[in-house]
Amino acid sequence: MSSTNPIDWLLLQRIVRFGDIDSAGVIHFHHLLRWSHEAWEESLHIYGLKAIDIFPSLIDSNSFIHVALPIVHCEADFFAPVRLANELEIELSPLRLDAGSFQVKYVFKKGDILVASSLIRHRAIYTDSRHPCDLPEGIDRWLEVSSLNRGISAL
Amino acid sequence: MSSTNPIDWLLLQRIVRFGDIDSAGVIHFHHLLRWSHEAWEESLHIYGLKAIDIFPSLIDSNSFIHVALPIVHCEADFFAPVRLANELEIELSPLRLDAGSFQVKYVFKKGDILVASSLIRHRAIYTDSRHPCDLPEGIDRWLEVSSLNRGISAL
Amino acid sequence: MSSTNPIDWLLLQRIVRFGDIDSAGVIHFHHLLRWSHEAWEESLHIYGLKAIDIFPSLIDSNSFIHVALPIVHCEADFFAPVRLANELEIELSPLRLDAGSFQVKYVFKKGDILVASSLIRHRAIYTDSRHPCDLPEGIDRWLEVSSLNRGISAL
Amino acid sequence: MSSTNPIDWLLLQRIVRFGDIDSAGVIHFHHLLRWSHEAWEESLHIYGLKAIDIFPSLIDSNSFIHVALPIVHCEADFFAPVRLANELEIELSPLRLDAGSFQVKYVFKKGDILVASSLIRHRAIYTDSRHPCDLPEGIDRWLEVSSLNRGISAL
(Lines give C-alpha, C1' and ligand atoms only; values in the text may rest on other atoms or scores of the structure.)
Protein backbone atom coordinates (compact mmCIF):
# COMPACT_ATOMS: atom_id res chain seq x y z
CA MET A 1 0.00 0.00 0.00
CA SER A 2 2.34 2.72 -1.23
CA SER A 3 1.35 6.37 -1.18
CA THR A 4 2.37 7.36 -4.71
CA ASN A 5 -1.18 8.16 -5.81
CA PRO A 6 -1.91 11.42 -3.94
CA ILE A 7 -5.31 10.32 -2.72
CA ASP A 8 -4.88 6.57 -2.31
CA TRP A 9 -5.58 6.94 1.43
CA LEU A 10 -8.92 8.61 0.69
CA LEU A 11 -10.43 5.98 -1.60
CA LEU A 12 -10.99 2.58 0.01
CA GLN A 13 -12.98 -0.62 -0.61
CA ARG A 14 -15.19 -2.86 1.52
CA ILE A 15 -17.12 -6.06 0.84
CA VAL A 16 -20.38 -6.50 2.77
CA ARG A 17 -20.32 -9.65 4.92
CA PHE A 18 -23.09 -11.94 6.19
CA GLY A 19 -22.90 -10.64 9.77
CA ASP A 20 -23.37 -7.04 8.55
CA ILE A 21 -26.81 -7.85 7.10
CA ASP A 22 -29.94 -8.05 9.23
CA SER A 23 -32.98 -10.20 8.66
CA ALA A 24 -34.52 -7.57 6.38
CA GLY A 25 -31.71 -8.40 3.92
CA VAL A 26 -29.86 -5.06 4.06
CA ILE A 27 -27.03 -3.67 6.17
CA HIS A 28 -27.95 -3.37 9.85
CA PHE A 29 -27.66 0.40 10.00
CA HIS A 30 -25.06 1.10 12.68
CA HIS A 31 -22.47 -1.15 11.01
CA LEU A 32 -22.08 1.62 8.41
CA LEU A 33 -20.67 3.83 11.17
CA ARG A 34 -18.36 1.00 12.28
CA TRP A 35 -17.13 0.72 8.68
CA SER A 36 -16.60 4.49 8.57
CA HIS A 37 -14.37 4.44 11.65
CA GLU A 38 -12.42 1.46 10.28
CA ALA A 39 -12.00 3.27 6.95
CA TRP A 40 -10.58 6.25 8.86
CA GLU A 41 -8.08 3.96 10.64
CA GLU A 42 -7.12 2.40 7.30
CA SER A 43 -6.66 5.87 5.81
CA LEU A 44 -4.29 6.96 8.60
CA HIS A 45 -2.36 3.69 8.19
CA ILE A 46 -1.93 4.07 4.42
CA TYR A 47 -0.94 7.72 4.88
CA GLY A 48 1.75 6.59 7.30
CA LEU A 49 0.51 7.25 10.84
CA LYS A 50 0.75 4.54 13.50
CA ALA A 51 -2.49 3.63 15.29
CA ILE A 52 -0.65 3.17 18.59
CA ASP A 53 0.44 6.83 18.42
CA ILE A 54 -3.14 8.03 17.83
CA PHE A 55 -5.52 5.79 19.79
CA PRO A 56 -5.42 5.34 23.57
CA SER A 57 -5.11 1.65 24.36
CA LEU A 58 -4.33 0.28 27.77
CA ILE A 59 -1.20 -1.83 27.36
CA ASP A 60 0.73 -1.04 30.50
CA SER A 61 0.91 1.95 32.81
CA ASN A 62 3.72 3.47 30.70
CA SER A 63 1.97 3.53 27.36
CA PHE A 64 -0.52 6.21 28.27
CA ILE A 65 -1.50 8.47 25.34
CA HIS A 66 -2.10 12.07 26.46
CA VAL A 67 -4.51 13.24 23.77
CA ALA A 68 -7.69 11.41 22.77
CA LEU A 69 -9.99 12.17 19.83
CA PRO A 70 -13.48 11.26 21.05
CA ILE A 71 -16.41 11.43 18.64
CA VAL A 72 -18.79 14.26 19.48
CA HIS A 73 -21.20 13.75 16.58
CA CYS A 74 -21.95 11.13 13.94
CA GLU A 75 -24.64 10.68 11.35
CA ALA A 76 -25.52 8.46 8.39
CA ASP A 77 -27.93 8.54 5.46
CA PHE A 78 -29.10 5.52 3.50
CA PHE A 79 -30.10 6.02 -0.15
CA ALA A 80 -30.22 2.51 -1.66
CA PRO A 81 -30.11 -1.04 -0.27
CA VAL A 82 -26.66 -2.26 0.82
CA ARG A 83 -26.74 -6.04 0.38
CA LEU A 84 -24.66 -9.12 1.09
CA ALA A 85 -21.40 -9.31 -0.94
CA ASN A 86 -21.78 -5.80 -2.40
CA GLU A 87 -18.33 -4.44 -3.21
CA LEU A 88 -18.45 -0.85 -2.03
CA GLU A 89 -16.13 2.04 -2.74
CA ILE A 90 -15.63 4.44 0.19
CA GLU A 91 -14.49 8.02 -0.48
CA LEU A 92 -13.25 10.01 2.53
CA SER A 93 -13.38 13.83 2.74
CA PRO A 94 -11.54 15.00 5.89
CA LEU A 95 -11.98 18.60 7.04
CA ARG A 96 -10.24 20.51 9.84
CA LEU A 97 -12.92 22.50 11.70
CA ASP A 98 -10.70 24.43 14.14
CA ALA A 99 -7.46 23.96 16.08
CA GLY A 100 -8.99 21.19 18.17
CA SER A 101 -11.57 19.42 16.00
CA PHE A 102 -12.15 17.88 12.57
CA GLN A 103 -14.68 15.80 10.70
CA VAL A 104 -14.58 13.13 8.02
CA LYS A 105 -17.33 12.63 5.48
CA TYR A 106 -17.65 9.13 4.02
CA VAL A 107 -19.45 8.41 0.73
CA PHE A 108 -20.32 4.77 -0.06
CA LYS A 109 -20.83 3.80 -3.72
CA LYS A 110 -21.80 0.54 -5.41
CA GLY A 111 -20.42 1.12 -8.91
CA ASP A 112 -21.83 4.53 -9.87
CA ILE A 113 -24.73 4.33 -7.40
CA LEU A 114 -24.50 6.35 -4.19
CA VAL A 115 -25.84 3.94 -1.55
CA ALA A 116 -25.03 5.72 1.73
CA SER A 117 -23.01 8.47 3.34
CA SER A 118 -21.83 9.24 6.84
CA LEU A 119 -20.10 11.93 8.85
CA ILE A 120 -18.02 11.62 12.02
CA ARG A 121 -16.81 14.62 14.02
CA HIS A 122 -13.94 14.35 16.54
CA ARG A 123 -12.62 16.74 19.18
CA ALA A 124 -9.15 16.58 20.74
CA ILE A 125 -9.03 16.41 24.55
CA TYR A 126 -6.39 15.73 27.17
CA THR A 127 -6.99 12.11 28.21
CA ASP A 128 -6.52 12.88 31.89
CA SER A 129 -8.48 16.11 32.40
CA ARG A 130 -10.77 15.72 29.35
CA HIS A 131 -10.21 19.45 28.65
CA PRO A 132 -10.15 20.51 24.97
CA CYS A 133 -6.71 20.81 23.33
CA ASP A 134 -5.11 21.10 19.90
CA LEU A 135 -5.15 18.24 17.42
CA PRO A 136 -2.08 15.97 17.50
CA GLU A 137 0.51 16.94 14.89
CA GLY A 138 0.12 13.75 12.83
CA ILE A 139 -3.63 14.21 12.45
CA ASP A 140 -3.11 17.87 11.56
CA ARG A 141 -0.71 16.91 8.78
CA TRP A 142 -3.05 14.18 7.46
CA LEU A 143 -5.87 16.75 7.36
CA GLU A 144 -3.75 19.33 5.54
CA VAL A 145 -2.31 16.96 2.93
CA SER A 146 -5.74 15.43 2.38
CA SER A 147 -7.23 18.89 1.65
CA LEU A 148 -4.38 19.80 -0.72
CA ASN A 149 -4.83 16.58 -2.62
CA ARG A 150 -8.55 17.04 -2.80
CA GLY A 151 -7.99 20.53 -4.21
CA ILE A 152 -5.67 19.11 -6.88
CA SER A 153 -7.93 16.18 -7.69
CA ALA A 154 -10.87 18.57 -8.16
CA LEU A 155 -9.10 20.53 -10.94
CA MET B 1 -44.35 -5.22 32.08
CA SER B 2 -47.83 -3.70 32.39
CA SER B 3 -48.80 -0.48 30.60
CA THR B 4 -50.61 1.32 33.40
CA ASN B 5 -48.20 4.25 33.55
CA PRO B 6 -49.03 6.18 30.35
CA ILE B 7 -45.41 6.60 29.29
CA ASP B 8 -43.78 3.47 30.70
CA TRP B 9 -42.83 2.41 27.15
CA LEU B 10 -41.02 5.73 26.57
CA LEU B 11 -38.71 5.67 29.58
CA LEU B 12 -36.22 2.80 29.66
CA GLN B 13 -32.96 1.84 31.38
CA ARG B 14 -29.63 0.41 30.25
CA ILE B 15 -26.42 -0.53 32.03
CA VAL B 16 -23.18 -0.04 30.10
CA ARG B 17 -21.30 -3.31 29.66
CA PHE B 18 -17.58 -4.07 29.21
CA GLY B 19 -17.91 -4.89 25.50
CA ASP B 20 -19.57 -1.52 24.84
CA ILE B 21 -16.48 0.37 26.00
CA ASP B 22 -13.44 0.89 23.79
CA SER B 23 -9.84 1.20 24.84
CA ALA B 24 -10.24 4.95 25.41
CA GLY B 25 -12.50 4.03 28.35
CA VAL B 26 -15.79 5.37 26.95
CA ILE B 27 -18.60 3.92 24.85
CA HIS B 28 -17.47 2.92 21.36
CA PHE B 29 -19.67 5.40 19.54
CA HIS B 30 -21.85 3.30 17.24
CA HIS B 31 -23.07 1.09 20.11
CA LEU B 32 -25.22 4.07 21.17
CA LEU B 33 -27.17 3.65 17.94
CA ARG B 34 -27.49 -0.10 18.58
CA TRP B 35 -28.86 0.70 22.04
CA SER B 36 -31.31 3.17 20.49
CA HIS B 37 -32.73 0.55 18.12
CA GLU B 38 -32.98 -1.97 20.96
CA ALA B 39 -34.76 0.64 23.10
CA TRP B 40 -37.26 1.14 20.25
CA GLU B 41 -37.90 -2.62 20.10
CA GLU B 42 -38.36 -2.72 23.87
CA SER B 43 -40.77 0.21 23.65
CA LEU B 44 -42.94 -1.52 21.04
CA HIS B 45 -42.90 -4.70 23.16
CA ILE B 46 -44.00 -2.92 26.36
CA TYR B 47 -46.67 -1.04 24.41
CA GLY B 48 -48.00 -4.39 23.20
CA LEU B 49 -46.80 -4.88 19.61
CA LYS B 50 -45.21 -8.18 18.57
CA ALA B 51 -41.77 -7.95 16.96
CA ILE B 52 -42.61 -10.76 14.54
CA ASP B 53 -45.46 -8.62 13.15
CA ILE B 54 -43.16 -5.62 12.63
CA PHE B 55 -39.72 -6.87 11.60
CA PRO B 56 -39.03 -8.98 8.51
CA SER B 57 -37.25 -12.15 9.55
CA LEU B 58 -36.71 -15.12 7.31
CA ILE B 59 -38.30 -18.08 9.08
CA ASP B 60 -39.85 -19.98 6.20
CA SER B 61 -41.25 -18.98 2.83
CA ASN B 62 -44.70 -18.39 4.37
CA SER B 63 -43.72 -15.90 7.04
CA PHE B 64 -42.92 -13.06 4.64
CA ILE B 65 -43.70 -9.60 6.04
CA HIS B 66 -44.92 -7.22 3.35
CA VAL B 67 -43.89 -3.88 4.82
CA ALA B 68 -40.39 -3.07 6.10
CA LEU B 69 -39.28 0.03 8.02
CA PRO B 70 -35.71 0.67 6.87
CA ILE B 71 -33.68 3.42 8.49
CA VAL B 72 -33.04 6.32 6.13
CA HIS B 73 -31.17 8.55 8.58
CA CYS B 74 -29.53 8.28 11.97
CA GLU B 75 -27.39 10.56 14.09
CA ALA B 76 -25.91 10.79 17.56
CA ASP B 77 -24.35 13.46 19.75
CA PHE B 78 -22.06 12.81 22.70
CA PHE B 79 -21.99 15.36 25.53
CA ALA B 80 -20.27 13.61 28.45
CA PRO B 81 -18.29 10.37 28.87
CA VAL B 82 -20.40 7.19 28.97
CA ARG B 83 -18.42 4.72 31.07
CA LEU B 84 -18.45 1.10 32.18
CA ALA B 85 -21.36 0.20 34.48
CA ASN B 86 -23.09 3.56 34.10
CA GLU B 87 -26.81 3.12 34.68
CA LEU B 88 -28.44 5.20 31.97
CA GLU B 89 -32.00 6.38 31.59
CA ILE B 90 -33.26 6.49 27.99
CA GLU B 91 -36.19 8.74 27.08
CA LEU B 92 -37.86 8.15 23.71
CA SER B 93 -39.73 10.85 21.75
CA PRO B 94 -41.43 9.28 18.72
CA LEU B 95 -42.81 11.56 15.99
CA ARG B 96 -44.87 10.74 12.89
CA LEU B 97 -43.39 12.71 9.97
CA ASP B 98 -45.92 11.82 7.25
CA ALA B 99 -48.12 8.89 6.22
CA GLY B 100 -45.08 6.73 5.47
CA SER B 101 -42.31 7.84 7.82
CA PHE B 102 -41.49 8.60 11.45
CA GLN B 103 -38.55 9.29 13.70
CA VAL B 104 -37.61 8.55 17.28
CA LYS B 105 -35.39 10.81 19.35
CA TYR B 106 -33.49 9.14 22.21
CA VAL B 107 -32.06 11.08 25.16
CA PHE B 108 -29.54 9.31 27.41
CA LYS B 109 -29.11 10.55 30.98
CA LYS B 110 -26.83 9.51 33.84
CA GLY B 111 -28.78 10.81 36.82
CA ASP B 112 -29.50 14.44 35.90
CA ILE B 113 -26.63 14.68 33.42
CA LEU B 114 -27.42 14.53 29.71
CA VAL B 115 -24.67 12.30 28.31
CA ALA B 116 -25.82 11.63 24.73
CA SER B 117 -28.74 11.81 22.34
CA SER B 118 -29.63 10.13 19.08
CA LEU B 119 -32.22 10.23 16.33
CA ILE B 120 -33.37 7.45 13.99
CA ARG B 121 -35.68 8.07 11.03
CA HIS B 122 -37.58 5.21 9.36
CA ARG B 123 -39.58 5.03 6.13
CA ALA B 124 -42.18 2.35 5.31
CA ILE B 125 -41.65 0.42 2.07
CA TYR B 126 -43.15 -2.67 0.43
CA THR B 127 -40.60 -5.44 1.10
CA ASP B 128 -40.88 -6.82 -2.42
CA SER B 129 -40.85 -3.69 -4.61
CA ARG B 130 -39.17 -1.37 -2.07
CA HIS B 131 -41.68 1.33 -3.08
CA PRO B 132 -42.81 3.74 -0.34
CA CYS B 133 -46.05 2.90 1.43
CA ASP B 134 -48.06 3.85 4.53
CA LEU B 135 -46.87 2.96 8.02
CA PRO B 136 -48.25 -0.32 9.42
CA GLU B 137 -51.31 0.21 11.62
CA GLY B 138 -49.59 -0.92 14.83
CA ILE B 139 -46.74 1.55 14.42
CA ASP B 140 -49.22 4.31 13.59
CA ARG B 141 -51.12 3.63 16.81
CA TRP B 142 -47.91 3.50 18.89
CA LEU B 143 -46.90 6.88 17.41
CA GLU B 144 -50.30 8.44 18.12
CA VAL B 145 -50.64 7.18 21.68
CA SER B 146 -47.02 8.14 22.40
CA SER B 147 -47.70 11.73 21.25
CA LEU B 148 -50.91 11.95 23.30
CA ASN B 149 -49.10 10.75 26.39
CA ARG B 150 -46.26 13.13 25.84
CA GLY B 151 -48.77 15.97 25.57
CA ILE B 152 -50.34 14.93 28.86
CA SER B 153 -47.03 14.39 30.63
CA ALA B 154 -45.90 17.88 29.56
CA LEU B 155 -48.84 19.62 31.28
CA MET C 1 -32.27 -6.32 42.38
CA SER C 2 -32.03 -7.72 45.90
CA SER C 3 -30.10 -10.87 46.68
CA THR C 4 -32.60 -12.62 48.94
CA ASN C 5 -33.12 -15.56 46.60
CA PRO C 6 -29.85 -17.51 46.92
CA ILE C 7 -29.37 -17.97 43.18
CA ASP C 8 -31.01 -14.85 41.75
CA TRP C 9 -27.63 -13.81 40.28
CA LEU C 10 -27.35 -17.13 38.43
CA LEU C 11 -30.68 -17.07 36.59
CA LEU C 12 -31.12 -14.20 34.12
CA GLN C 13 -33.32 -13.25 31.17
CA ARG C 14 -32.69 -11.85 27.69
CA ILE C 15 -34.96 -10.90 24.79
CA VAL C 16 -33.54 -11.44 21.30
CA ARG C 17 -33.39 -8.17 19.33
CA PHE C 18 -33.52 -7.44 15.59
CA GLY C 19 -29.80 -6.65 15.35
CA ASP C 20 -28.91 -10.03 16.91
CA ILE C 21 -30.54 -11.93 14.05
CA ASP C 22 -28.83 -12.47 10.72
CA SER C 23 -30.43 -12.80 7.31
CA ALA C 24 -30.95 -16.55 7.83
CA GLY C 25 -33.50 -15.59 10.51
CA VAL C 26 -31.63 -16.92 13.55
CA ILE C 27 -29.10 -15.47 15.99
CA HIS C 28 -25.82 -14.50 14.34
CA PHE C 29 -23.69 -16.98 16.25
CA HIS C 30 -21.07 -14.88 18.04
CA HIS C 31 -23.71 -12.64 19.66
CA LEU C 32 -24.44 -15.60 21.98
CA LEU C 33 -20.95 -15.19 23.40
CA ARG C 34 -21.51 -11.43 23.76
CA TRP C 35 -24.72 -12.20 25.68
CA SER C 36 -22.82 -14.67 27.86
CA HIS C 37 -20.24 -12.06 28.89
CA GLU C 38 -23.00 -9.51 29.56
CA ALA C 39 -24.86 -12.10 31.65
CA TRP C 40 -21.66 -12.61 33.69
CA GLU C 41 -21.39 -8.84 34.27
CA GLU C 42 -25.05 -8.72 35.31
CA SER C 43 -24.48 -11.64 37.68
CA LEU C 44 -21.54 -9.91 39.41
CA HIS C 45 -23.64 -6.72 39.67
CA ILE C 46 -26.63 -8.46 41.26
CA TYR C 47 -24.31 -10.36 43.62
CA GLY C 48 -22.89 -7.00 44.71
CA LEU C 49 -19.53 -6.54 42.99
CA LYS C 50 -18.72 -3.26 41.23
CA ALA C 51 -17.66 -3.52 37.58
CA ILE C 52 -15.11 -0.72 38.01
CA ASP C 53 -13.32 -2.85 40.64
CA ILE C 54 -13.17 -5.87 38.29
CA PHE C 55 -12.69 -4.65 34.73
CA PRO C 56 -9.73 -2.56 33.57
CA SER C 57 -11.02 0.61 31.94
CA LEU C 58 -8.87 3.56 31.04
CA ILE C 59 -10.32 6.54 32.88
CA ASP C 60 -7.25 8.40 33.98
CA SER C 61 -3.69 7.40 34.86
CA ASN C 62 -4.70 6.85 38.50
CA SER C 63 -7.50 4.37 37.96
CA PHE C 64 -5.29 1.53 36.80
CA ILE C 65 -6.58 -1.93 37.82
CA HIS C 66 -3.72 -4.32 38.62
CA VAL C 67 -5.37 -7.66 37.85
CA ALA C 68 -7.16 -8.48 34.60
CA LEU C 69 -9.25 -11.57 33.81
CA PRO C 70 -8.68 -12.23 30.11
CA ILE C 71 -10.60 -14.98 28.38
CA VAL C 72 -8.40 -17.90 27.40
CA HIS C 73 -11.10 -20.14 25.94
CA CYS C 74 -14.73 -19.84 24.84
CA GLU C 75 -17.15 -22.12 23.07
CA ALA C 76 -20.82 -22.34 22.15
CA ASP C 77 -23.24 -25.00 20.97
CA PHE C 78 -26.50 -24.36 19.15
CA PHE C 79 -29.32 -26.89 19.54
CA ALA C 80 -32.47 -25.13 18.27
CA PRO C 81 -33.16 -21.90 16.36
CA VAL C 82 -32.91 -18.70 18.43
CA ARG C 83 -35.28 -16.23 16.78
CA LEU C 84 -36.34 -12.60 16.95
CA ALA C 85 -38.16 -11.66 20.17
CA ASN C 86 -37.54 -15.01 21.85
CA GLU C 87 -37.53 -14.54 25.61
CA LEU C 88 -34.62 -16.63 26.82
CA GLU C 89 -33.70 -17.79 30.28
CA ILE C 90 -29.95 -17.92 30.99
CA GLU C 91 -28.62 -20.16 33.76
CA LEU C 92 -25.03 -19.58 34.89
CA SER C 93 -22.82 -22.29 36.43
CA PRO C 94 -19.56 -20.73 37.64
CA LEU C 95 -16.67 -23.02 38.60
CA ARG C 96 -13.29 -22.20 40.15
CA LEU C 97 -10.63 -24.22 38.27
CA ASP C 98 -7.56 -23.31 40.33
CA ALA C 99 -6.18 -20.38 42.33
CA GLY C 100 -5.87 -18.26 39.19
CA SER C 101 -8.64 -19.36 36.82
CA PHE C 102 -12.36 -20.10 36.58
CA GLN C 103 -15.04 -20.79 34.02
CA VAL C 104 -18.72 -20.03 33.64
CA LYS C 105 -21.13 -22.29 31.78
CA TYR C 106 -24.23 -20.61 30.34
CA VAL C 107 -27.37 -22.54 29.40
CA PHE C 108 -29.98 -20.77 27.24
CA LYS C 109 -33.59 -21.99 27.38
CA LYS C 110 -36.75 -20.95 25.55
CA GLY C 111 -39.41 -22.20 27.95
CA ASP C 112 -38.40 -25.83 28.55
CA ILE C 113 -36.39 -26.11 25.35
CA LEU C 114 -32.61 -25.98 25.56
CA VAL C 115 -31.63 -23.79 22.59
CA ALA C 116 -27.92 -23.13 23.18
CA SER C 117 -25.10 -23.31 25.69
CA SER C 118 -21.74 -21.64 26.05
CA LEU C 119 -18.62 -21.74 28.19
CA ILE C 120 -16.11 -18.99 28.93
CA ARG C 121 -12.83 -19.60 30.76
CA HIS C 122 -10.86 -16.73 32.37
CA ARG C 123 -7.35 -16.56 33.84
CA ALA C 124 -6.15 -13.88 36.26
CA ILE C 125 -3.01 -11.98 35.24
CA TYR C 126 -1.15 -8.90 36.44
CA THR C 127 -2.18 -6.16 34.01
CA ASP C 128 1.34 -4.79 33.75
CA SER C 129 3.48 -7.92 33.40
CA ARG C 130 0.71 -10.23 32.13
CA HIS C 131 2.08 -12.93 34.49
CA PRO C 132 -0.47 -15.31 36.02
CA CYS C 133 -1.72 -14.44 39.50
CA ASP C 134 -4.47 -15.36 41.96
CA LEU C 135 -8.10 -14.46 41.33
CA PRO C 136 -9.25 -11.15 42.89
CA GLU C 137 -10.96 -11.66 46.25
CA GLY C 138 -14.39 -10.52 45.03
CA ILE C 139 -14.44 -13.01 42.17
CA ASP C 140 -13.25 -15.75 44.52
CA ARG C 141 -16.14 -15.04 46.89
CA TRP C 142 -18.69 -14.91 44.03
CA LEU C 143 -17.40 -18.31 42.84
CA GLU C 144 -17.59 -19.83 46.30
CA VAL C 145 -21.06 -18.57 47.18
CA SER C 146 -22.32 -19.56 43.73
CA SER C 147 -21.10 -23.15 44.26
CA LEU C 148 -22.64 -23.33 47.73
CA ASN C 149 -25.96 -22.14 46.42
CA ARG C 150 -25.88 -24.55 43.54
CA GLY C 151 -25.26 -27.33 46.02
CA ILE C 152 -28.25 -26.25 48.08
CA SER C 153 -30.50 -25.71 45.08
CA ALA C 154 -29.64 -29.21 43.80
CA LEU C 155 -30.91 -30.90 46.98
CA MET D 1 -7.65 -11.83 -6.38
CA SER D 2 -6.72 -14.61 -8.82
CA SER D 3 -6.62 -18.26 -7.74
CA THR D 4 -3.30 -19.29 -9.30
CA ASN D 5 -1.61 -20.00 -5.98
CA PRO D 6 -3.26 -23.26 -4.87
CA ILE D 7 -3.94 -22.10 -1.35
CA ASP D 8 -4.41 -18.36 -1.75
CA TRP D 9 -7.98 -18.72 -0.46
CA LEU D 10 -6.75 -20.39 2.73
CA LEU D 11 -4.25 -17.76 3.85
CA LEU D 12 -5.72 -14.35 4.64
CA GLN D 13 -4.79 -11.14 6.48
CA ARG D 14 -6.54 -8.88 8.98
CA ILE D 15 -5.54 -5.67 10.76
CA VAL D 16 -6.95 -5.19 14.27
CA ARG D 17 -9.06 -2.02 14.50
CA PHE D 18 -9.87 0.28 17.43
CA GLY D 19 -13.44 -0.99 17.79
CA ASP D 20 -12.20 -4.59 18.11
CA ILE D 21 -10.24 -3.78 21.27
CA ASP D 22 -11.85 -3.52 24.67
CA SER D 23 -10.82 -1.36 27.58
CA ALA D 24 -8.33 -4.02 28.78
CA GLY D 25 -6.34 -3.22 25.64
CA VAL D 26 -6.78 -6.56 23.84
CA ILE D 27 -9.32 -7.96 21.39
CA HIS D 28 -12.80 -8.22 22.87
CA PHE D 29 -13.02 -12.00 22.63
CA HIS D 30 -16.08 -12.69 20.46
CA HIS D 31 -14.80 -10.46 17.64
CA LEU D 32 -12.31 -13.26 16.88
CA LEU D 33 -15.27 -15.45 15.92
CA ARG D 34 -16.70 -12.63 13.78
CA TRP D 35 -13.33 -12.38 12.01
CA SER D 36 -13.32 -16.16 11.51
CA HIS D 37 -16.71 -16.10 9.76
CA GLU D 38 -15.64 -13.14 7.62
CA ALA D 39 -12.42 -14.98 6.70
CA TRP D 40 -14.56 -17.96 5.60
CA GLU D 41 -16.68 -15.67 3.41
CA GLU D 42 -13.53 -14.14 1.93
CA SER D 43 -12.14 -17.62 1.27
CA LEU D 44 -15.27 -18.71 -0.64
CA HIS D 45 -15.15 -15.46 -2.63
CA ILE D 46 -11.49 -15.87 -3.64
CA TYR D 47 -12.11 -19.52 -4.51
CA GLY D 48 -14.92 -18.37 -6.81
CA LEU D 49 -18.23 -19.01 -5.02
CA LYS D 50 -20.87 -16.27 -4.87
CA ALA D 51 -22.14 -15.33 -1.41
CA ILE D 52 -25.69 -14.87 -2.73
CA ASP D 53 -25.71 -18.53 -3.79
CA ILE D 54 -24.58 -19.70 -0.35
CA PHE D 55 -26.13 -17.45 2.29
CA PRO D 56 -29.88 -16.97 2.79
CA SER D 57 -30.68 -13.29 2.56
CA LEU D 58 -34.17 -11.89 2.30
CA ILE D 59 -34.22 -9.81 -0.89
CA ASP D 60 -37.65 -10.60 -2.30
CA SER D 61 -39.95 -13.58 -2.09
CA ASN D 62 -38.30 -15.12 -5.18
CA SER D 63 -34.72 -15.16 -3.96
CA PHE D 64 -35.27 -17.84 -1.34
CA ILE D 65 -32.25 -20.11 -0.79
CA HIS D 66 -33.27 -23.69 0.00
CA VAL D 67 -30.25 -24.86 1.98
CA ALA D 68 -28.77 -23.02 4.96
CA LEU D 69 -25.51 -23.79 6.79
CA PRO D 70 -26.16 -22.85 10.41
CA ILE D 71 -23.36 -23.02 12.93
CA VAL D 72 -23.82 -25.84 15.44
CA HIS D 73 -20.57 -25.33 17.37
CA CYS D 74 -17.85 -22.73 17.68
CA GLU D 75 -14.87 -22.26 19.94
CA ALA D 76 -11.81 -20.07 20.32
CA ASP D 77 -8.54 -20.16 22.25
CA PHE D 78 -6.40 -17.15 23.09
CA PHE D 79 -2.64 -17.66 23.52
CA ALA D 80 -1.11 -14.17 23.37
CA PRO D 81 -2.49 -10.61 23.46
CA VAL D 82 -4.09 -9.40 20.20
CA ARG D 83 -3.62 -5.63 20.18
CA LEU D 84 -4.60 -2.56 18.21
CA ALA D 85 -3.12 -2.40 14.70
CA ASN D 86 -1.64 -5.91 14.87
CA GLU D 87 -1.35 -7.30 11.35
CA LEU D 88 -2.54 -10.89 11.66
CA GLU D 89 -2.21 -13.79 9.29
CA ILE D 90 -5.20 -16.18 9.27
CA GLU D 91 -4.76 -19.75 8.07
CA LEU D 92 -7.91 -21.74 7.30
CA SER D 93 -8.13 -25.55 7.50
CA PRO D 94 -11.53 -26.71 6.17
CA LEU D 95 -12.62 -30.30 6.81
CA ARG D 96 -15.67 -32.22 5.54
CA LEU D 97 -17.10 -34.19 8.50
CA ASP D 98 -19.86 -36.11 6.71
CA ALA D 99 -22.28 -35.63 3.81
CA GLY D 100 -24.08 -32.82 5.61
CA SER D 101 -21.54 -31.07 7.81
CA PHE D 102 -18.06 -29.54 7.84
CA GLN D 103 -15.80 -27.46 10.03
CA VAL D 104 -13.16 -24.81 9.49
CA LYS D 105 -10.21 -24.32 11.83
CA TYR D 106 -8.69 -20.82 11.88
CA VAL D 107 -5.18 -20.11 13.15
CA PHE D 108 -4.22 -16.47 13.86
CA LYS D 109 -0.53 -15.52 13.79
CA LYS D 110 1.32 -12.27 14.46
CA GLY D 111 4.55 -12.88 12.58
CA ASP D 112 5.69 -16.27 13.86
CA ILE D 113 3.70 -16.06 17.09
CA LEU D 114 0.49 -18.06 17.38
CA VAL D 115 -1.90 -15.62 19.09
CA ALA D 116 -5.28 -17.37 18.80
CA SER D 117 -7.20 -20.14 17.07
CA SER D 118 -10.85 -20.87 16.45
CA LEU D 119 -13.11 -23.56 15.08
CA ILE D 120 -16.56 -23.25 13.50
CA ARG D 121 -18.73 -26.26 12.66
CA HIS D 122 -21.65 -25.97 10.19
CA ARG D 123 -24.48 -28.37 9.33
CA ALA D 124 -26.55 -28.20 6.13
CA ILE D 125 -30.34 -28.01 6.60
CA TYR D 126 -33.34 -27.32 4.38
CA THR D 127 -34.27 -23.70 5.10
CA ASP D 128 -37.99 -24.44 5.20
CA SER D 129 -38.18 -27.65 7.24
CA ARG D 130 -34.82 -27.27 9.02
CA HIS D 131 -34.23 -31.01 8.41
CA PRO D 132 -30.62 -32.10 7.79
CA CYS D 133 -29.55 -32.41 4.15
CA ASP D 134 -26.39 -32.76 2.04
CA LEU D 135 -23.92 -29.92 1.68
CA PRO D 136 -24.46 -27.66 -1.36
CA GLU D 137 -22.28 -28.67 -4.32
CA GLY D 138 -20.16 -25.49 -4.27
CA ILE D 139 -19.23 -25.94 -0.62
CA ASP D 140 -18.45 -29.61 -1.25
CA ARG D 141 -16.06 -28.67 -4.05
CA TRP D 142 -14.39 -25.93 -1.97
CA LEU D 143 -13.86 -28.49 0.82
CA GLU D 144 -12.43 -31.09 -1.55
CA VAL D 145 -10.06 -28.74 -3.39
CA SER D 146 -8.97 -27.21 -0.10
CA SER D 147 -8.03 -30.66 1.27
CA LEU D 148 -6.14 -31.57 -1.91
CA ASN D 149 -4.21 -28.33 -1.80
CA ARG D 150 -3.41 -28.75 1.85
CA GLY D 151 -2.08 -32.21 1.08
CA ILE D 152 0.14 -30.82 -1.67
CA SER D 153 1.30 -27.85 0.36
CA ALA D 154 2.28 -30.17 3.21
CA LEU D 155 4.69 -32.17 1.03
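Going by the order they are written in, the chains are A, B, C and D; count residues from 1 in each one.
Definition applied: a contact is a pair of C-beta atoms (placed from the backbone, for glycine too) under 8 Å apart; a residue touches a chain by one contact, two chains touch by 3 or more.
Predicted model only: the values in this text are computed from it and were never measured.
Looking at subunit A and subunit C, the chains that touch each of them are B, D. Taking the mean of C-alpha positions as each chain's centre, the chain lying farthest from the centre of subunit A is C.
The chain pair with more C-beta contacts between its two chains, of B-D and C-D, is C-D. In this assembly, the C-alpha centroid of subunit C lies 26 Å from the C-alpha centroid of subunit D. Between the CA-based centres of subunit B and subunit D the separation comes to 33 Å, rounded to the whole angstrom.
Contacts with at least two other chains are made by residues 18-19, 21, 23-25, 30, 34, 37, 55-58, 84, 127 of subunit A. If touching chains are joined by edges, the resulting network of the protein chains shown connects every chain directly with every other. The residues of subunit C lying in touch with subunit D in their complex are 23-26, 29-31, 33-34, 37, 55-58, 68, 70-78, 81, 120, 127, 130.
Contact residues on subunit C toward subunit B in their complex (touch as defined above): 15, 17-19, 21, 23-25, 34, 37-38, 41-42, 45, 50-52, 55, 57-59, 83-85. Only residues 18-19, 21-25, 28, 30, 56-58, 60-61, 64, 84, 127-128 of subunit D touch subunit B when the two sit together in their complex.
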